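Shown below is the structure under consideration.
Think of it as A, B, C and D in the order they're written, each chain with its own count starting at 1.
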Amino acid sequence: MNVGFIGLGQMGKAIAGNLIAAGHRLRLWNRTPGAAESLVREGAQLAEQPAGVLEGAQVLMTMLADDDAERAVLIEQHVLERAPRDLIHVNLATVSVGFAHELARRHAEKGLSYVAAPVFGRPEVAQKAKLNVVVAGEREAIRQVQPLFAAIAERVWPVGDEPERANAVKLAGNFMIASALETMGEALALARGYGVAAQDFLQILTSTLFAAPVYQIYGQLIAEERYAPASFRLQLGFKDVRLALQAAEAVHAPLPFASVLRDHFLEAIAAGEADEDWAALARLAQRRAGLGRSKR
Amino acid sequence: MNVGFIGLGQMGKAIAGNLIAAGHRLRLWNRTPGAAESLVREGAQLAEQPAGVLEGAQVLMTMLADDDAERAVLIEQHVLERAPRDLIHVNLATVSVGFAHELARRHAEKGLSYVAAPVFGRPEVAQKAKLNVVVAGEREAIRQVQPLFAAIAERVWPVGDEPERANAVKLAGNFMIASALETMGEALALARGYGVAAQDFLQILTSTLFAAPVYQIYGQLIAEERYAPASFRLQLGFKDVRLALQAAEAVHAPLPFASVLRDHFLEAIAAGEADEDWAALARLAQRRAGLGRSKR
Amino acid sequence: MNVGFIGLGQMGKAIAGNLIAAGHRLRLWNRTPGAAESLVREGAQLAEQPAGVLEGAQVLMTMLADDDAERAVLIEQHVLERAPRDLIHVNLATVSVGFAHELARRHAEKGLSYVAAPVFGRPEVAQKAKLNVVVAGEREAIRQVQPLFAAIAERVWPVGDEPERANAVKLAGNFMIASALETMGEALALARGYGVAAQDFLQILTSTLFAAPVYQIYGQLIAEERYAPASFRLQLGFKDVRLALQAAEAVHAPLPFASVLRDHFLEAIAAGEADEDWAALARLAQRRAGLGRSKR
Amino acid sequence: MNVGFIGLGQMGKAIAGNLIAAGHRLRLWNRTPGAAESLVREGAQLAEQPAGVLEGAQVLMTMLADDDAERAVLIEQHVLERAPRDLIHVNLATVSVGFAHELARRHAEKGLSYVAAPVFGRPEVAQKAKLNVVVAGEREAIRQVQPLFAAIAERVWPVGDEPERANAVKLAGNFMIASALETMGEALALARGYGVAAQDFLQILTSTLFAAPVYQIYGQLIAEERYAPASFRLQLGFKDVRLALQAAEAVHAPLPFASVLRDHFLEAIAAGEADEDWAALARLAQRRAGLGRSKR
């Protein structure tokens, strides 16, 4: 398919690469054009303006950092305004449910199709085309873009017509990951207090009851105290937990764990740790108990 | 081996059954002797007093509900006092680290070997001899009782010499499970607030990032709102989170998530839900958001 | 002085009444003009449009519910745009620090003076001209409006030049009140659990260590379980705790108590209690412990 | 009256001094006898054993640090056992409700009268004979010891027959103080984040809505960052919040604020601050926000 693709961070670049590899034709735009170089060598076109990616496009795909970045490109730089009538916009970004709602309305007003398609998976998973994509939007539009999902995802999870539903699931999922990080940190503070090595403790739990990717991948980082470079920055984790709280607030759902997480993220940010991996939440839990680095 | 076995609740009965099936010779005692019937038919002997199980025993195995039950049998009913000098006591129960410490001292004073061996696994896992056993104590004693572990466990995880370490790991692990229950409950409150079905939401997460036994087994109970009969009663979950907090307190480790859990357990108990499965924590999280039963 | 006054809720009406009584000349506007009737009888003029209050005004005073209401009047209905160059705007409302910051900038651009002057005190305190006013802004502007403060306040508390400081103090203060409500609720849940009457318990504490207006006034409401009609609606308390959290977030300050409060407000709102007095937080704390209404 | 008095810490000494000054005859015992010197000069007798204070005593008064200290003296050192039949024991200490219950039973078995009389007030308040005494026990016994209360208290607050009620009130009250400390700390973290001086902020609030002794006395310590020497050690504050949680647990009352406090106390203790004044909780709240000492 002909795809306009905007947003070439770690995730976007990996996804665009897989789309090209699967034979789709991409026109790219990124705020800093250098990120596009290798993709251009693989055959993609580079647009000079965001709206330039729309030329000949059947589908617009966006993968930007947050509401502000999406708003800047789609609205302030007129991408939606200039979009052709039959375009399908597939939004892979993790945006707020409030903005998801606003986007759905704006697309409807323009006669455009809007598909919310936030993804689960770190950059290395994106690279292997093994993402899990949560999808919501018009059934027919979703059907048409299946070839794109096929090129990037292990599996696609449809959750209904209203786009914001996919965002709610994504935010709830990211909250669950943050919750697992904090849980491991606190459990470690307890176990280490009795002289159990971090490595041993996490191996027992993540080989048995908690033998799931989230616990295994992050358990490894935590046991090795390897918080930099970040695959997912603590600052972004904070953003997502705030969005989860905000989405929950709109439906009057208290999330006591998310509230605790928000406080801990803020404490870590105040301590200058915003750019480390969000797994560093677990270090904070240990620091509160007066525990420094593990002995090896 | 010749084993004296005390404590025939759901877990104890399953474990004792597997020991007999593996050819070990058991003398049993239980507060209510009816529980021993089927095991006696399989060849076990029934003692009339707790200390009666010591007759000819190489190993004493106990699987009682809590510190009080262990104390009643071991100390008040004189089991330790009457134990032969070379006996190895393998304690499978989840006791407090304080009591673990006291037991270690009492055994040492008597010249008895003490092995703390708390287990991870619900009754159906015990039945299949697939428990995970966390073990701490004298190396030689642990070596000698391997045949017993072989008959009941998928894997044995040694964590050092001081028995209390195994209890710290067990309590930290149970805290992690309770944390996962609360996390699922809160995430569901958010997702359901946007009309996503509980079943759909939990399937997405527990098939992907959270594809671990704890999330899958409990996710199923939560999605189906099947909280009775309990495999593990909420009251017992409360006990374990309290023990985790108490163990952490002794090493000055704050556990903010465990504190939230403690409050939620109390709220559920005040609401008359102590005898339901501890997965019912997830219902409470949804009730706080004004959500009743899911539509099917 | 000649004062344009916008916003005649319970608080605004009481304040405007005292200004008139002190001899100031008021031009009023309110979304629902009925609220102005009694004040017009006392000599105030009624404007037909918000900007109409500016006619001949030396000072503009606003007392609106929140950021949105302030924005609607000041910006969307062009009040700031039409304000004469030497006007001093005294903003009594509890707005976010973010909006306080924006307003300061907008006034500076127009050459207007902006004084943030949020007040502490319930409507009955406003009526008695006994408010405490926290003030921040240009020193000279503050000096000029002293006659107005004299007519409504027991005392004026200057906290510096940047207007947002006054808002930070106000939000921190309202957080402290909410915190006192929750504290009384939890303490009562404990005391009542042992059969101590709510009335007795609160009298002991609020006559001694906690002999302060906040504890005495709200302690009375809580002891009598008198949550309607509301002097300050729970929904508004929620708004203010959210604004406190948001203001604290901008300076990376975690507020764990405020996070707990936010969750409890949401739970009360989900239970349909948004329009009761915010003291109803204390009922929720008791309900969690399974306690119903007190016996008298 | 003839009074046997045990426990001469800061509080006990001040109370004993006032009893002597009012003409009562005291026989004293303290673990470290040096503490009794000045009181002996004022006319008190010194016993060599705890039970020695009973000689000729109509009333036994105890003011010890905690359950363990009370148990050591009353039970292990046989004071209760040797008490004459018509003795009234007035226990001023802050003990757990569980131990209060046990003591009530033990006294009843011996035919002794037991009056729980925990006090509110710091050492300087005790010195001035301005304590508030919360009293529970048999009406007739309470009536008889009024002359003693008259010598030490500003006011006596009876709360019923069951002694544990007085302890529940005392623990609930101490929880309220700890809650006020944390609240001030968090509010300050917010206000200071916007450049408001600690001194200014606390003066505004504690002169107005929060004009109560607890806020004024501790507000002063917090504004001046004067946490040593301690009037009431953080470690003891922790003990009392734990006792409040434990008492509440027995009646199934969740106390979310107390849970947060418990975690913060532990964090402070892990940081080596156990011996500072418990007002240091407020410093921790500011430290979490990355704030160091205030500028003066």
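Please note the rule applied: a residue touches a chain if its C-beta (ideal position, glycine included) is under 8 Å from a C-beta of that chain, and two chains touch if they have at least 3 such contacts.
Here the structure is a predicted model, which is why all the values come from computation and not from measurement.
S.K.: Relative to chain C, which chain's C-alpha centre is the most remote?
M.R.: With centres defined by C-alpha atoms, farthest from chain C sits B.
S.K.: For the copies chain A and chain C, give the interface type as same if over half of its residue numbers appear on both sides, and as different if under half do.
M.R.: same
S.K.: Please compute the C-alpha centroid of chain C, do the same for chain D, then give the distance between them in whole Å.
M.R.: Chain centres of chain C and chain D, defined by C-alpha means, are spaced 37 Å apart.
S.K.: Take the average of all CA coordinates in chain A, do the same for chain C, and state the distance between these two points in whole angstrom.
M.R.: Their C-alpha centroids are separated by 39 Å.
S.K.: Quick one: chain B and chain C, Cα centre-to-centre, how many Å?
M.R.: So the centroids are 52 Å from each other.
S.K.: Give the residues of chain D that touch two or more other chains, as numbers and ranges in rising order.
M.R.: 248, 252-256, 260, 264, 266-267, 270, 288-290, in rising order.
S.K.: Mind listing the chain D positions that touch chain C in their complex?
M.R.: 97, 120, 132, 134, 155, 157, 159-160, 162, 164-165, 168-169, 171-173, 175-177, 179-180, 182-184, 186-191, 193-196, 200-201, 204-205, 207-215, 244, 247-248, 250-258, 260, 264, 288-291
S.K.: Spell out the residues on chain C that touch chain B in their complex, using ranges where they run on.
M.R.: Contacts found on chain C: 266-267, 270-272, 288-290.
S.K.: Name, in rising order, each residue of chain A that touches chain C in their complex.
M.R.: 248-249, 252-256, 259-260, 262-264, 266-267, 269-270
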